[in-house]
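The two complexes that follow have subunit A in common; it is paired with subunit B in the first and with subunit C in the second.
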Partner chain A sequence: MARTATEWLEALRELGVERPVRIMNVCGGHERSISIAGLRSVVPANIELVPGPGCPVCICPEEDVYEAMQLALHEDITLVAFGDMLRVPVNVPKKDPRSLEQAKAAGGDIRPIASPTEAVRIARENPERKVVFFAAGFETTTAPVAAMLAEGAPENLLVLLSGRLTWPAVAMLLDSDKPGFDALIAPGHVATVMGPEEWGFVVDKHDIPAAVSGFTPESLVAGMYSVMQQLRDGRRDLDNCYPQVVRPGGNAEARRQLSDVMEVVDANWRGIGVIPASGFALRDAYAAHDARQHFQSYADESRKRVGEMPPGCDCAKVVLGKIYPNECRLYGAACTPRKPIGPCMVSDEGACRIWWSSGTRENVWEGRKRDALG
Partner chain B sequence: MDDDRISLAHGNGGRFMRELIEEVFAKALEASEIDVQADAVPIDLGDGEVLITTDGFTVQPLEFPGGNIGSLAVHGTTNDLAVAGARPMYLTLNAFIEEGFEMERLERIVRSLADAAVEAGVRISAGDTKVVRRGEGGGIYLATTGVGVRLPGAVPSLKQIRDGDVMIVSGPVGDHGTAVMLAREEFGLRGDLVSDAGPVMALTEPLLALDGLRFMRDPTRGGIASIGHEILKATGLGVRFEATIPVREPVQSVCEMLGYDPYYLACEGRVVAVVAPDQAEKALAIWQALPDGKEAVRIGRIVAGEQRVILETPLGGERFLEELEDDPLPRIC
Partner chain C sequence: MCLAVPMKITAIDGYQCTCEARGIEREVSLFMLQHEDVKAGDHVLVHVGYAIQKVSDEEATETWALFDEMLGEEHV
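Entry: the complex of A and B
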């Protein structure tokens, strides 16, 4: 007797929890569904829905994007990358190409792809040429990259890996003085691969209610209902509101391939810093496919703002749920999807892009300025 | 015609060009009784205000489930006349064909253009062909200019729209845009969705009998959200779309996968009408009795005081539909 989203909403309103509660989500897909369904305007007023670290493009190290651009510009290679990485800006002097898209225009052989299969196909079609796959993503995209290597990729296919785990960012927030949320909606797709158990620490160690949700309004509101009910009853358990696909233990084969091919290492998150045990690196057995081993590094520590967000850009705060997208001074003013400054306005998973495309145009700062004048 | 591909000689004004025009175009367009010799021809329009419109067609791929660039070149232009309250009568046709284009494909496209013209009740009365060098065109581009005569009855225009008016749509939105995109197979997606491209005269003409008919438009590029913005811009009145906008399941899932909003995707055979509130039911009943209007529904209302385009969601929430910026699907018409 599955409830509809409307019925879940009704149940949520009847729960009778009146204190303010901030519920964080950890997936661009969640944020998109919430925005498109207009959920913020219908949940009880005491519930705040906070977009959290759910965008792999947004936290992909600036140095890694820079490295990918330099490889494409200076080595005789074809660089393939997921489409939404192409417009992410790096910090370089004005005259230099500042994104993979501009590096492509400057002569780099850079091609957008949608899946590792395409990377393999392009490598097979060009056996005489090195193809570098700039693989940035969370567990859901990194697992297929591991599978691709485990199952035997063409010799000329190298991987510039920039894979990240989602839960350590949430752990970092919870270990900080001000986590900024009272309940968590855990990402359904990540849990499908890695198993929901990964998120157990949220309830066990931090006493924060959590639920794994899918991407329909039904599943999301069910998750919200679950965490609010846990709060009301003083009960904590990691609820699975996406049982259709999320199974205990996740996808055993995908996890095995991930651990066969990659190890978990400390990793840098753009604008946030190093988070312990939050990234993937290729194991030595796969060194032959590791672009970092194969090419010299183009890292240039003398670059201005290396590793940081662009000047004035609050993407890091948005990613960590510290501010809403339209609380960044650049939102909708200097930074729009057409002329993005920060990565959150580039990626389809970025909260700024999602808010913009679902109709939020007003920048809080502009509103305040107008109110002060008017 | 012996050639199986278009060459530059088919555009040089000589024998090959004459043969192309006579054997491919004039033959298929027999019903139009096109005079290929004349520099200019007279057209008989009868009585009534004459309306004229023009449109260019660059769709990729050239052929898609439910139509091709040829049929689209007829529907796109005649539908613009129809929603303005006219009966389309004549079309002119310009074809820009790329060197190397397969003759068989050209014949197929011209044939469906001719069939669409017969179905729409228009004659192709003048035309021109050009051949562009290889690499300078996307296979074939078409341009059509349409002439029609205003029908008696309501004179639909943006200026007629009033606070409280009701918006209706003749069927599900976004089929054309999605079908064309699926036909590109760019995203590894496949589907059996068919474009809604087709003539809309059967839908527009009966509504002219309603004195409460304010405005009609076919939601092509930019989808119904863009119609909302046109209304807002022209009248200063807000538009509230209700949670009833019909979207087919495959369109919905493609949108979910690619992060598109179906309300911005194009149709090529649907009509949105704005009607006085007391005649909305009547207008719907007229459409629902027609084969192309079975799925017609009320989708929104005009609201003074809210100068936005607002979408009410099925959960009772709402969000703004902003003016389209970057087209997710370029070259769909």
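Entry: the complex of A and C
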């Protein structure tokens, strides 16, 4: 069990699977480890490691960011959000604030937080003021938001919820004509909370080998070894390569809190559209904490490019694993972490930012036939 | 936002605890682990200020060793 990454790589080479295999990961943390450790250059050449839907900030509906900004600008509230959300750009006329950060500069009381407990503290310290917590995130982040409400949040704390589930995006890809991958590395921390069983459908329904991995190079390469071995042997099972942390059933208490506080609903993904049963909404019992129930909506359907990625940004294709980050025309040219154009370059979990931060500077867009990219 | 890190519990007060890792202290909620028996000295995996799972001391040490190695190589 306790093989090192180098030993796993050796074992991977010895498996002797030579056909091209695309292994998708669906977690920004996985992509980060893969990129930083340089795993792409050391795995056998027939293996392609494809970053998939692993960035909750990237797929958070543009309308939701816009809503959060308008609440902060027009209502007498304090808006708190995880730091990554503050720089996500929305589509508005040039003179208007384009992100929460710019809305803050324009006078909105907007503060970055690192934990739901900070939202609670800020609400307690300002009992006379409404505090709106704009909460985007996948299961690992949404479960703590549920825990915060289950424990009993102050009355003046409201949640603008944009939580999403990871697996439905993978299910959507697998149900499409071109899933774009032959094997899956399932996200370790999502599975820590929700249980590895959620990913069983990949194996059972789609005959695609899958393994849950942790975040160290060795756990990731162990996962790659597992799926390649499954392919070689014609065997399929959902392997758990992170058993130290991922237990059967996940964290039962966290799951209970999550389902007590929230229900699963159809939800919109930026640049992708509505994915069935892929989002969280507060249950009626928590309506008093629901910012959507409390305030009028600022949705403006007449806004230009409402819901879309910024012009020229291929973030949605990057998220779905259709293209690599540096196949976007703007990668490293107009779009860099210093001056991000799309959410995939803003977020620490966005593949564009991860690739840039770990040293990929070459833009391979030129000369490629965009039409062939689908 | 999605990466959880192992931390050591140094003190517990109800559902709140103080955790430490690599010399950094954090207030962490144990609310999601209320079904588990956790005590000072234990390691937990912490994500956005909440402990999401218990981990062994060994796992915590190994994870940090590998993180250090990886992050040491990162150039932003």
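Everything that follows uses one rule, which is that the second predicted complex is superposed on the first by the 364 of 374 C-alpha atoms of A that agree within 3 Å, B and C clash if a C-alpha of one lies under 4 Å from a C-alpha of the other, contacts with A are read in each partner's own complex, and residues count from 1 in each chain.
In the analysis below, a residue touches a chain if its C-beta (ideal position, glycine included) is under 8 Å from a C-beta of that chain, and two chains touch if they have at least 3 such contacts.
In this text the structure is predicted, and so the values were computed from the model without any measurement.
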Which of subunit B and subunit C A:Arg338 touches, first, second, both or neither: first
Partner chain in contact with A:Val170 - subunit B first, subunit C second, else both or neither: neither
First (subunit B), second (subunit C), both or neither touched by A:Leu39: first
Touched partner set for A:Ile185, first subunit B, second subunit C, both or neither: neither
Which superposed partner A:Ala114 touches (first subunit B, second subunit C, both, neither): both
Which of subunit B and subunit C A:Cys241 touches, first, second, both or neither: neither
Partner chain(s) touched by A:Gly359 [first = subunit B, second = subunit C, both, neither]: both
Contacts of A:Leu9 with subunit B and subunit C, given as first, second, both or neither: first
Subunit C versus subunit B, contacts on subunit A by residue: C
Subunit B and subunit C footprints on subunit A, overlapping residues: 32, 36-37, 114-115, 215, 217, 337, 348, 357-359
Contact footprint of subunit C on subunit A as seen in their complex: 27-29, 32-33, 36-37, 54, 56-57, 82, 84, 114-118, 137-138, 140-141, 143-144, 147-148, 150-151, 187, 189, 192-193, 214-218, 244-245, 247, 251-254, 257, 337, 347-349, 357-359
Residue ranges of subunit B in contact with subunit A within the complex: 187-188, 256, 259, 261, 311-322, 325-326
Complex contact set, residues of subunit A against subunit B: 5-6, 9, 32, 35-42, 114-115, 215, 217, 221, 336-338, 348, 357-361
Residues on subunit C engaged by subunit A in the complex (per definition of touch): 1-4, 15, 27, 29, 31-36, 45, 47-50, 52-53, 55-56, 59, 62-63, 66-67, 70-71, 73-76
